[in-house]
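In what follows, chain A forms one complex with chain B and a second complex with chain C.
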Partner chain A sequence: MLTLFEREHLDVNNLAEADTAIRVEQLSLRFGSKPVLENISMSIPKHQITALIGQSGCGKSTLISSFNRLNDLHQHCHYSGKVIINGRDINSRKENVAQLRTQVGMVFQRPNPFPMSIFDNVSYGLRLQGINTRRQLDEAVEQALHDAALWNEVKDRLFEPANVLSGGQQQRLVIARALALQPEILLLDEPTSALDPLTTLFIEELMAGLKKRCSIVIVTHNMQQAARVSDYTAFLHQGRLIEYSDSDTLFTTPRKKQTEDYITGRYG
Partner chain B sequence: MSKLPSLSSVLNAGQRQSLFIGICTFFTAILLLAMVSIVLLIFARGGGYFWPEDIQQLQFVRASDDQPITAYGQYQNQFEQGGEPVRWVVYSHARNPYGNQTLLDDTNLLQARLAPEAARISLRDGRAILGEPLKVTAPSDPDVSLNRLAQRLTQVRQIEQSIAGIRDEQLADIHQKLTELDQRKVGKKAPARLTLNQGFDRWHKRILTLEKQRDAYQLFVRLADQSIVSVALIEVEHLVYPGQLSGWQKLGEALYEVGGFLSESPKQANTAGGVFPALFGTVLMVFLMTIIVTPFGVLAAIYLNEYASNNGLIVVIRIAVSNMAGVPSIVYGVFGLGFFIYGVGGNIDALFFEANLPAPTLGTPGVFWASLTMAILTLPVVIVATEEGLRNVPQGLKAGSYALGATKAETVLYTILPMASPGIMTGVILAIARAAGEVAPLMLVGAVKFAPNLPIDAEFPYLHLERQFMHLGVLIYDGAFHSQTDAKGASMMFAACLLLLVVVFVLNILAVLLRTKLRKRYHKG
Partner chain C sequence: MQQVAFNTHISGRFNTELENLRNSVLTMGGEVEQQLVDTLKAIQLNHPGLAEKVIVNDLKINSMEMQIDKECLRIIAKRHPTASDLRLVMTISKVITDIERMGDEIERIARLVTKQKLPSSASVKSSMLLIGERVADMMRGTFDAFARQDEKAALEVYEQDTRIDSEYKKLLTFIASEMEKNTESMQDWLEILWALRSLERVGDRCKNICEYVISLASGEDARHTSLENLMQKLDNLS
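And then the complex of A and B:
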């Protein structure tokens, strides 16, 4: 029972290779001439939930979007430094970005189901991978919906349009859509900020269960949520990584003054 | 000098607002009135073309030579001229039973009475006789009663068919064989040739007898002035007694006329008959144009919106595209003529069809060049509407697709294009409506007022895209310019207008339905 309270923590600032899901080395990023991330180095542990907190506009979304190169969609985005996943620097020009994104799934702030049926939403990524046989798709879709704790609610209407679902259901659908590809890493960008508290709790529980299957990085500006769900927490401020440690330490005994100010609500 | 009181001092805020609303309402109402009257006019004049007017027995003084005339006539339309009511009248008269027209002043009209006994006898060539059918004769049958008319009509048509059958099969066959013999230089007295000649004579005689039989079928008609004319029954296409029809029967008759209008060729220099070739030409041209313009416009818009980086060149291209939409259409016509027909077509002729020169093969106006020209003319419409549709695709959905490992092309294909489809539809439909109504450039690149053949027929390669074609707009234009004084022609022109209007309405309604359906599907929630 005691282990429940005294979790054994890894030292994220000195993480062994085998425990690392993502290693960020001196990552800097600017949009046009506006610097957004400055010289960030951090290691994200495998099969743990890592939270990114910080004021809005500090670069949280930009940081997790650099884990699946989604910033490439913006024309004036320039970056330097390395992001290493599975031993590869994904910022290298040789990286197969589409392939990478099947390994690093992402869920956005606003639920964004495609205007298709529930089934087609979940099978979208699989079809792109060339999986077309009905049986494989059926199985994968059912599994993914189970994993996202949505199966029981939608099993009778898989072929109805996805946008008739409620907001929370849509968000779980989007999670299922990402899980269908069996990603190693799941990025969640403020996944609950558009949802009501009850649905939020539901999704938080879901995350705890998903931990076994993949490493999770969650962006949130809700400190309670970060404290509740995450094992490790990083605090960003104006594009810099200020403090990064296990969540218990960070929320109870922050080392930096800025962190303390933020978590006690003195700004932001 | 006393200053005029300003508006604000006379009216309080509420009154000013209602004044403003009043003015806006007024202008909107005028606009509405204009639109409604256009539609009403075209429906009335165009629809009137099909309605069987009652036949009247008229006595009037002809304005041109002060001759008193008794004739069966039909009123075409009435209007005021210098305060006097006047009307166009078509009538049949002994000197020309096939329809004269005159503008009749009411003061010149001596007497008019409804004549239910008179029929309108439409002939195959588009003309019509107004008169009272008396009898119908047939070879070697003394029964001339009118009750037999339907039967006689079928008989005479059967004869006509057998004549055509002999011509098409037997005679054509013999002709072909004779030509073969000619080519092989077989002698004049060769037995093969003699049998063929005999066969030819036999069939020819058969045709002559059949023709004699056919011509013995005659319909005798009495005109209002008691003179009697006869027409070959084979010439008669349709016969109605408008005065004996009930309202519903008249409607049926009108629908029959509409059917003929849609399925027949124009007759009497586009003043009678139907518009089928023009309708067909319009649809074919628009169809080809859609096939050409849609991929070009959509791909160009996708490139501009999704692939091209936002630099100066793209801005210039965008400005050029929106300016292209404002270029007068005749300029496109001249471009099509100069570039496509003389340039591209001429060069293809020089390269591949040298044997036929100087007669052009492709370097001449035709339906394909017309479609191509119209595709360029409507390209900006499609590009602009598609871009609009592409811009409306939420950024979040694109990101969602990329985040699932889709490449750019896959995202465009599976997410962006379906969501932009309502916008694309809008563009294509606008393009179609524009192309269906355009006249000036088409006359330069292939539309003609009369084309002997459809661009599709049974002759290899079946689809003749190099042929000239007829177009509803051109037909209307032709009607307006060459038949000004011909009230009947004007009605046919209005009927064509009505058809064009209906085509465009139907297209638009289809577009709206399709668009709302797609929108519901892709933009719910």
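And then the complex of A and C:
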């Protein structure tokens, strides 16, 4: 029978090791006595965009932050379970966290360029890694700015302060800064919530191009955005993973009533 | 009225999805058009093998309808289309129902050949084939108007149905008089009447699709409107 639309989805509940970017095994996390994540197990596919959706306080940002050990910065954070990236449990005490964060880049809700030039912002991470050759830095910065679709807008003013850029440009600069380190995984925590709708669409289009280079995990409050950009979507509620599947299925025929209620705006 | 342009969204994927959706309708339309051409050939040559092929092929058209329907649902859920994009998706959702029904009507006509119930009268057969040719022309014009989102072309095709209806009525009157003369083969005549009715219904389905194309291109709802009123509405728009 003739197939009109080619679309293949991985079974995220039985993902092969070779297709997995992050494997989460029975991850539970609490801040002090307050449980935030409860027994989360999921596999995030490589070179795909995975969205985490759910109400405020459901644990999405905490979950994404556990992919690069950012929760360690909280004094009273306690966790159990495993987060496996490249066969290593990143929660292990032996893990080199600085190196992990070059492999797993992160972009936050508000653009946070450093108070320095555009060039220095992008090359900052590379310099920290000991790359100081001018030619190497020039090449890496240009490539990262190209990848973040910002090069044409800033190529003539690379040494101007980054804070003169617009909000959308600053957010792309921050993405370029993360990309300069050639991360395998890019975590985006509500990357467009402070941007206008048109700039949001530009960033989303950028993500679609970037997934060829790295695996992307995005946290968003905007369900329409999750539907538009993601290949796979996980719905969290009160720290539990309720449903996780390809976005086509989740947004057309969700299997759990809680998911249906949330995405249709019936949530009490 | 703004037509759907497939290469102007910021999202390249959305461009591709809408274009693929539109093309899939044209693929489905092309299949049904071929089904009608094959059926008319099967009638002309009294070729049961070809008619059997038409009957089997209808499954392909049913499958296409389901696939396109699913894709429309997916696009609405994931892309939240608005304005011309929304009109396109909703139009396609309705158009494919009519195309699928055309497929069913054509299958019914093809069964006339497999059951060996073709009209013995040469004049009835040639009139039937003539109406079939006109319906096939109308179908080609319909899909062409859809592909170009051209309301004027759709209106021209829409007008052709009046001629088909008139020829159909003439043939019915002739068959009624033949039936009075030859009451013994009443069952065969009924089979022919059903097939003719199906042929005429394919024309009506084309007319429905033209109405959707007019709505898509002009934004004016063309359903349940007389031809004169419709032309007046379109004149007012231009």
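As a working rule, the second predicted complex is superposed on the first by the 261 of 268 C-alpha atoms of A that agree within 3 Å, B and C clash if a C-alpha of one lies under 4 Å from a C-alpha of the other, contacts with A are read in each partner's own complex, and residues count from 1 in each chain.
The rule is simple: a residue touches a chain if its C-beta (ideal position, glycine included) is under 8 Å from a C-beta of that chain, and two chains touch if they have at least 3 such contacts.
All values derive from a computational prediction rather than experimental measurement.
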- Task: Check the residue A:P161 against both partner chains and state whether it touches chain B (first), chain C (second), both, or neither.
- Result: first
- Does chain B (first) or chain C (second) touch A:T192, or do both, or does neither? neither
- Considering only touches as defined above, state whether A:S123 meets chain B (first), chain C (second), both or neither. neither
- A:N68 contacts which: chain B (first), chain C (second), both, neither? first
- When the two structures are laid over each other on chain A, which of chain B and chain C touches more residues of chain A? B
- Task: Would you sort A:Q224 into first (chain B), second (chain C), both or neither based on which partner it touches?
- Result: second
- Task: Examine A:S247 and indicate which partner it touches, taking first as chain B and second as chain C; both and neither are also allowed.
- Result: second
- Check whether A:L201 is in contact with chain B, with chain C, with both or with neither, and answer first, second, both or neither. second
- Overlap of chain B and chain C contacts on chain A, residues none
- Message: Looking at the complex, which residues from chain A come into contact with chain B?
- Response: 68, 70, 73, 75, 98-102, 105-106, 108, 110, 112-115, 124-125, 128-129, 161, 163-164, 174, 177-178, 181
- Message: Quick check on the complex: what are the chain C residues that touch chain A?
- Response: 10-13, 20, 24, 27-28, 59-60, 63-64, 67-68, 71, 73-74, 77-80
- Query: Contact residues on chain A for chain C in the complex?
  - Reply: 1-5, 198, 201-202, 204-205, 208, 224, 227-228, 247-248, 251-252
- Query: In the complex of these two chains, what residues of chain B are touching chain A?
  - Reply: 309-310, 394, 396-407, 410, 414-415, 418-419, 521-525
